[in-house]
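If you scroll down you'll find the structure; I have some questions about it.
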Amino acid sequence: MTSNPFHPITGSVMPRFAGIATLMRLPLVGFDDPLFKDVDIGLVGVPWDGGTTNRPGARHGPRQVRDISTMVRNVNRASGLKPFSICNCADLGDTPVNPVDLMDSLARIETFFDKLQVAGIAPLSIGGDHLVSLPILRTLAKKYGPVGMVHFDAHTDTWDGYFGGFKYTHGTPFRRAIEEGVLDPKRTVQIGIRGALYNDAEDTWGQEQGIRVIDIEEFHQMGLPAVIAEARRVVGEGETYVSFDVDALDPVYAPGTGTPEIGGLTTLEAQRLVRGLQGLNLIGGDVVEVSPPFDPSGNTALVGATMAFEILCVLADSVSRRRGG
Amino acid sequence: MTSNPFHPITGSVMPRFAGIATLMRLPLVGFDDPLFKDVDIGLVGVPWDGGTTNRPGARHGPRQVRDISTMVRNVNRASGLKPFSICNCADLGDTPVNPVDLMDSLARIETFFDKLQVAGIAPLSIGGDHLVSLPILRTLAKKYGPVGMVHFDAHTDTWDGYFGGFKYTHGTPFRRAIEEGVLDPKRTVQIGIRGALYNDAEDTWGQEQGIRVIDIEEFHQMGLPAVIAEARRVVGEGETYVSFDVDALDPVYAPGTGTPEIGGLTTLEAQRLVRGLQGLNLIGGDVVEVSPPFDPSGNTALVGATMAFEILCVLADSVSRRRGG
Amino acid sequence: MTSNPFHPITGSVMPRFAGIATLMRLPLVGFDDPLFKDVDIGLVGVPWDGGTTNRPGARHGPRQVRDISTMVRNVNRASGLKPFSICNCADLGDTPVNPVDLMDSLARIETFFDKLQVAGIAPLSIGGDHLVSLPILRTLAKKYGPVGMVHFDAHTDTWDGYFGGFKYTHGTPFRRAIEEGVLDPKRTVQIGIRGALYNDAEDTWGQEQGIRVIDIEEFHQMGLPAVIAEARRVVGEGETYVSFDVDALDPVYAPGTGTPEIGGLTTLEAQRLVRGLQGLNLIGGDVVEVSPPFDPSGNTALVGATMAFEILCVLADSVSRRRGG
Amino acid sequence: MTSNPFHPITGSVMPRFAGIATLMRLPLVGFDDPLFKDVDIGLVGVPWDGGTTNRPGARHGPRQVRDISTMVRNVNRASGLKPFSICNCADLGDTPVNPVDLMDSLARIETFFDKLQVAGIAPLSIGGDHLVSLPILRTLAKKYGPVGMVHFDAHTDTWDGYFGGFKYTHGTPFRRAIEEGVLDPKRTVQIGIRGALYNDAEDTWGQEQGIRVIDIEEFHQMGLPAVIAEARRVVGEGETYVSFDVDALDPVYAPGTGTPEIGGLTTLEAQRLVRGLQGLNLIGGDVVEVSPPFDPSGNTALVGATMAFEILCVLADSVSRRRGG
Amino acid sequence: MTSNPFHPITGSVMPRFAGIATLMRLPLVGFDDPLFKDVDIGLVGVPWDGGTTNRPGARHGPRQVRDISTMVRNVNRASGLKPFSICNCADLGDTPVNPVDLMDSLARIETFFDKLQVAGIAPLSIGGDHLVSLPILRTLAKKYGPVGMVHFDAHTDTWDGYFGGFKYTHGTPFRRAIEEGVLDPKRTVQIGIRGALYNDAEDTWGQEQGIRVIDIEEFHQMGLPAVIAEARRVVGEGETYVSFDVDALDPVYAPGTGTPEIGGLTTLEAQRLVRGLQGLNLIGGDVVEVSPPFDPSGNTALVGATMAFEILCVLADSVSRRRGG
Amino acid sequence: MTSNPFHPITGSVMPRFAGIATLMRLPLVGFDDPLFKDVDIGLVGVPWDGGTTNRPGARHGPRQVRDISTMVRNVNRASGLKPFSICNCADLGDTPVNPVDLMDSLARIETFFDKLQVAGIAPLSIGGDHLVSLPILRTLAKKYGPVGMVHFDAHTDTWDGYFGGFKYTHGTPFRRAIEEGVLDPKRTVQIGIRGALYNDAEDTWGQEQGIRVIDIEEFHQMGLPAVIAEARRVVGEGETYVSFDVDALDPVYAPGTGTPEIGGLTTLEAQRLVRGLQGLNLIGGDVVEVSPPFDPSGNTALVGATMAFEILCVLADSVSRRRGG
């Protein structure tokens, strides 16, 4: 087992609380590392919250998720998937960011993910605020064209702007992505949406583009199996990205986030939703908006790490099958 | 939009974390303010916990709820209600209180709410411990006679006394209100009741008066729609008050409270219950027992602010319709 | 009421936050106290976490549970059971432990519980990590032979060892108990199991011995009544122990624990499960893995105290009926 | 050593975190316990904060101090004093209190301490807010007449009243005590006073009565030895009480308190000041205003427990010498 | 006393924890308020942390300082100064800011303070990160030309840039201010500087411009009176600004800050230093880098509020004397 | 600068909060890494608290210190020392440990450090509880014979045993080290000792062996320069180890520790003491007893990281000079 350089360090050799913290105890692989070319799925931190209009702190998300992710194990009990056995997974470190310049940060992040895209590595990112999804989608679209997306969130993140002319915030990434042609709204489904609106028309634009919004009320009316079926129908066979904002969850599960909204998903619902994506044509994913300073218990990071593991399971399955694995 | 002096400051002009904190970013209107006569619904803090026999701290509730309530927006996504568009709402500040004298505090609080009653302003209060509901009910009864009540709580708050002769605590307000003839027990429903009892007869008195108790077991057996229907049946067409003790919720949603009891409502259940009161003849409401010192994450205040917004939505709808609005 | 020396101090005489903290405000009874011989159920703290391979702190569990358990009252609202009226209950204090020696601690704990067993006192323990269940089971088996068990947990705790030859950790107690013949695997049911596995075969051994595992997925598929029925079927008429690891609950209910796993039981589900054990032939129980340093809100201890009360209710009912009470 | 029933449980028999928490691990002795008559110094909790005009929570002080006081050991390294060897010390439990009635609480507290006074037991109390010193002084004055006092505090606590006619708050105990003739202002010294004033005359009354105020500026100008000398000069040979409000300390040492003021004493300065009282004619003392809800780290309680031990050392020395011990 | 509209609400009318939180309970005065023209000193929040290269959260500083500043009283006990009696002070609210655009924020902040400058109001600001001092200095220089400064900090904040071309961060404000000619380096003194350096030359530039740096070692060697004398000598008779970064203090006093450095000033030292500035020609000041998310106890905000009061005292004295008051 | 593989990542390339956390942002070098042979000073985590008789959690120390140590910079402002420029420093990761077996852990730790000793690498360790110093001293003694030690602590850690026969706890390492001949008591000085004693003779043994104890009282009487001189006199020219228990500091600086004692050193005093060791013949050091679960603010880890940097400065100076650097 230890002969595989991509296998996580096991807790029966090194206690989980010990050792340098990498994502899920995977090897740390830099771009110039000989192992880089063999990586199938790259776990990446994006320590940046420059798009946050509310409570900051998501810049500290990757490090705390790394820390707690050393509690992740190997086999998904519910699905039986073993991501580390079917794909070469590695922690590729954090992307460069610039805490005092938004546009420079977006450029740095995109450049980083371009290297993964060129190397054929599927990205699984830990944010960072939700604006970090935009440069990742740009990168993926260079290869795949506009992609589909299963998006878990309390908010649609399709606002037009902020304070008039400011187009880039954590509330706008998917409007920008659609406008830029890197996200296909007709193959986009948003689950868990809730919370009061600024105005009636807040979500109109997105729905006009064809986004399928399943808000929390519809989620409960449909029931979980129907929601999964609907999400699968929307994204279909095409390349699909999974974006998980922890504020999709009720704040009791994820208090450490920028814009909490009560009345959200449970972690178990979220886990089942993600498991329900198995078999789709998945090409990457992210877990965003983990803001450790607002969570005295650290549970948000545990939830973020575990949801990342759930996404990894279905992503690895998809990568492996595409590869003929 | 900004020409309406009663409209909340929007987050797209002033970030939510900025500015003086008033309840839901509403204008602060004093009794001698020219705007006072135009207020329909007065949001009021009652910073007092002198009736608390257990963990104190609810005196700090109004300020922390004010702080976090700046995250509230305008449109209730589930119901479509827009309270700030159909009623003039304002933050009327805190009532006077006396932290070292219980009876003096009750008098000061009642005097304050009398002014609202005379001015025809419906009160929506943020406590404070649950004893603050008593002077509010007294005030309302001066206008309406004994009122009905939808009461969310883990406890019935109909104990007779404490330590023998002490009649006023946060466990006794509704017994006093019934005895004084300001609350109609036959039009009172209590939802979410649970937790161990001191003795078998603890709830007998209230039920003998005609209170309809739906404890947490019955709540789950009936299901949410039936509970709503039953609550509507109990209070009927008459004037009705809504009292929301945050300990109705499970402590994971509201750890910052005086007497937490495990096994409670979720916030989503509570939101739906309150939304189910739309169309009743509502005349006021409160959210009580938010005790910030016992909540390191601040989620209790977020829950309190959001539940207050839910009550405001149905209250504004009722006020607006009564007014022919 | 006060003439019964075994009755808890009531909150209407001494506020709940006042006085020396004993478990559920019961009298503190030492082995040489004249009352000892009359005790039916002994509440005991086991302040030890020497078997913990992950986050420590359960050694501080008993004291914090004692503190918060002064909020427990007398009558179980759901079941009507009044444990303090039907059994003589007492706080017997903490067992001796040795924080720097695992085997010595197990011996000290066993010796302590032997005294209860000899005196015919049913134990209800507050851990401590889960390894403390092993010496208790050893003691009970001296009287009853191998006992059955209803076990609530996120983990099966039937691993073989750790780091090769280390046989005693909080992940191995029930493998050891089965090997030693003090636990009957065919009369053991495990509820709430979840979380990723180290490897596919992790749970195989236990199931080969006959343990009935109801993991969280099966729990939700079966539904609560069927799970209760199945648990009752498994343990049958024989002597049965109840072991409640707080990590059976979702971490939002019990963040203060050594090995949290998201997606767990709610407290209400757990309360109903325990209530569903009424009428079984119960001989003791424990609540383990409460680790206060990892819970800034203290809710874990509240949950631990309340679950201990729920177990006490069904245990007292069983003890009382066995006694012909 | 263990044959002395008044000796604390040692950490080398029972780890400090284990066992029922009594003050300094002393035996718990009730009024009807045979040991009661042999007690020299009674450690008592006063779990009450009904006089608090600011942040509440001191009602929870005694229990948290009990918990952390199990870390106290036997010999004062600096002075060599061994209080448990020279006096019979015991935890007498908490006084009765009434959280919803101020005057009733003062009466209950006074009645409790009267029993100590009659039995010749010197009191060492853990508050509770500072108003609890008033009934204790009343009790002592029944025996000794007006007593002297060394008072550590950020505030003089000699305000006249509050809100007009309200005479009893945690800001007024020593004005009341002087007016009632139970405290001798000419033998009273106040150390550590600081913080902004409501008005110029705030402290005038006390100084007119003869109180010697050493505010924090004068404290640093005089230097510690001179302050000790001056304090000893003020109180002289007469019976003297020691009252230690933890807000005398800088808030970094005692954040968990009702009215913190920056720029205060260090714990080491406070320890030395108390040690400097050795040889005075001490008859009792208290440590007040420990409010656990405002201290996430628990350090305030540790400080409170250790300062209580320092006071105990000089008090025991005084009691022992008076007794001819 | 209450007839003065600029007098703070007193705690003997409204408890300190009650009421809308304004800075030091002063009246909230907008630019279009009739009272605006009579304001002498404007207290202003600057809720922005866009210049922060490390831990964010200072955007939340003004609100938490407002909250805790309701504990401030009227008379400086040490100096006898009564700022509210000698100057008209008001809370002017928060400046506009833009959380997603640094340059836009600087412009908005400058525009706000220009209005104060034109109206002849001396600013006392609560940050925000330290970059907010730059637009304030720009505004003041429009009136006074380059000003002098007494600067309390762990860092010199005279770095050239960040990541190459990024010139505006919370580490560069005073280099920019000197380059722009709004700050006179020869009349600038920096006190409390400490912490490891990036390189030897880190502070060279500033010292070449003539800044007088008194690092923590020199501070202790000189002693407090000599430091005050030296600071007074450096700034001389000219217009002088006071900038207080809470990281000048040891992190135990101010854990809630972006870049803590151990080994800092005590609050008492800081209070005395500020008091030592009485009589200088002071024209404004700020307290910056209070970051509530990193302070679970809230003490940082208490320290920030109290230091703002200390600065207010000497500023009001200066304003009053300039006015011939 | 970046061409040196041993140079820390600078904050002007990667923000301090970004990237994988290694100690002081140094390269992570394994035993089989080509760089290993060039390492001069090895920074090592020892994540173990199996010797803790009180509050556990030090097993989590290394990871939190790694996290916060990314705030460390390059040049010691006070001394001018640049450790990373004069020595090759690296993070060698964590030692193996066994959380459920004390003796096995000591063996694993010793084996790890033996590899450093053989490779000529000076160790600088982050604990872990204080028992981890024992295996390190054993390793060093294999090369140097019995070494001298400058020991900062609240406790002498020279107890004989625990519970009778248990010889290895965090209270006994230096008695064992002296008995084993790996520590020279005559060249050992202990600074900061304080707190109550179990009995009069508690420290006698150590002093009989020749240890020089400078308790906190003597520390303040002597003054810092004299203490430094005395410490230098005691250890002389011989090989000397530096052991820094964070409980040497007052608990306000280091609340996250197992056995806090009030009245301790300030961080500034500690920094100066360590700086005063420059020029001694230093061969290694450690910082121990950082227990993150007991520190909600994280300041203890910041203090631990900064003190480790201070020790590193004087150690690198010594290593460099020995090497003729």
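Assorted remarks:
Lettered A, B, C, D, E and F in written order, each chain numbered from 1.
One rule holds for everything that comes next: a residue touches a chain if its C-beta (ideal position, glycine included) is under 8 Å from a C-beta of that chain, and two chains touch if they have at least 3 such contacts.
Remember, it's a predicted structure, so these values are computed and weren't measured experimentally.
In terms of the stated touch criterion, the partners common to chain B and chain F are A, C, D, E, listed by label. Seen from the C-alpha centroid of chain F, the farthest chain centroid is that of B.
Summarising the inter-chain layout, the chain whose CA centre lies farthest from the centre of chain E is C. These two copies of the sequence, chain A and chain B, are related by a rotation of 120 degrees on CA atoms, to the nearest 5. For the pair chain B and chain C, the fraction of shared interface numbers is less than half, so the two copies use mostly different residues to meet. Computed centre separation for the pair chain C/chain D is 40 angstrom, with centres defined by C-alpha atoms. As a whole-number value, the distance joining the C-alpha centres of chain A and chain D reads 56 Å.
For chain E, the set of residues touching two or more other chains reads 15, 17, 53-55, 59-60, 99, 162-163, 252, 294, 296-297. In terms of inter-chain touching, the protein chains here follow a pattern that is not a line, ring, star or complete graph. Every pair of chains meeting the contact definition is listed here: A-B, A-C, A-E, A-F, B-C, B-D, B-E, C-D, C-F, D-E, D-F, E-F.
Of all residues in chain F, only 53-55, 162-163, 193-200, 202, 215-217, 220, 250-252, 255, 259-264, 294-297 touch chain D in the complex they form. Taken in their complex, chain A has these residues touching chain E: 49-57, 59-60, 98-102, 104, 162-163, 166, 168-169, 293-294, 296. Residues 14-15, 17-22, 28, 45, 47, 59-60, 62-63, 66-67, 91, 93-94, 96-97, 99, 296 of chain F touch chain A in their complex. Taken in their complex, chain E has these residues touching chain D: 10-13, 15-17, 71-78, 80, 82, 252-253, 266-268, 271, 296-299, 302-303, 306, 309.
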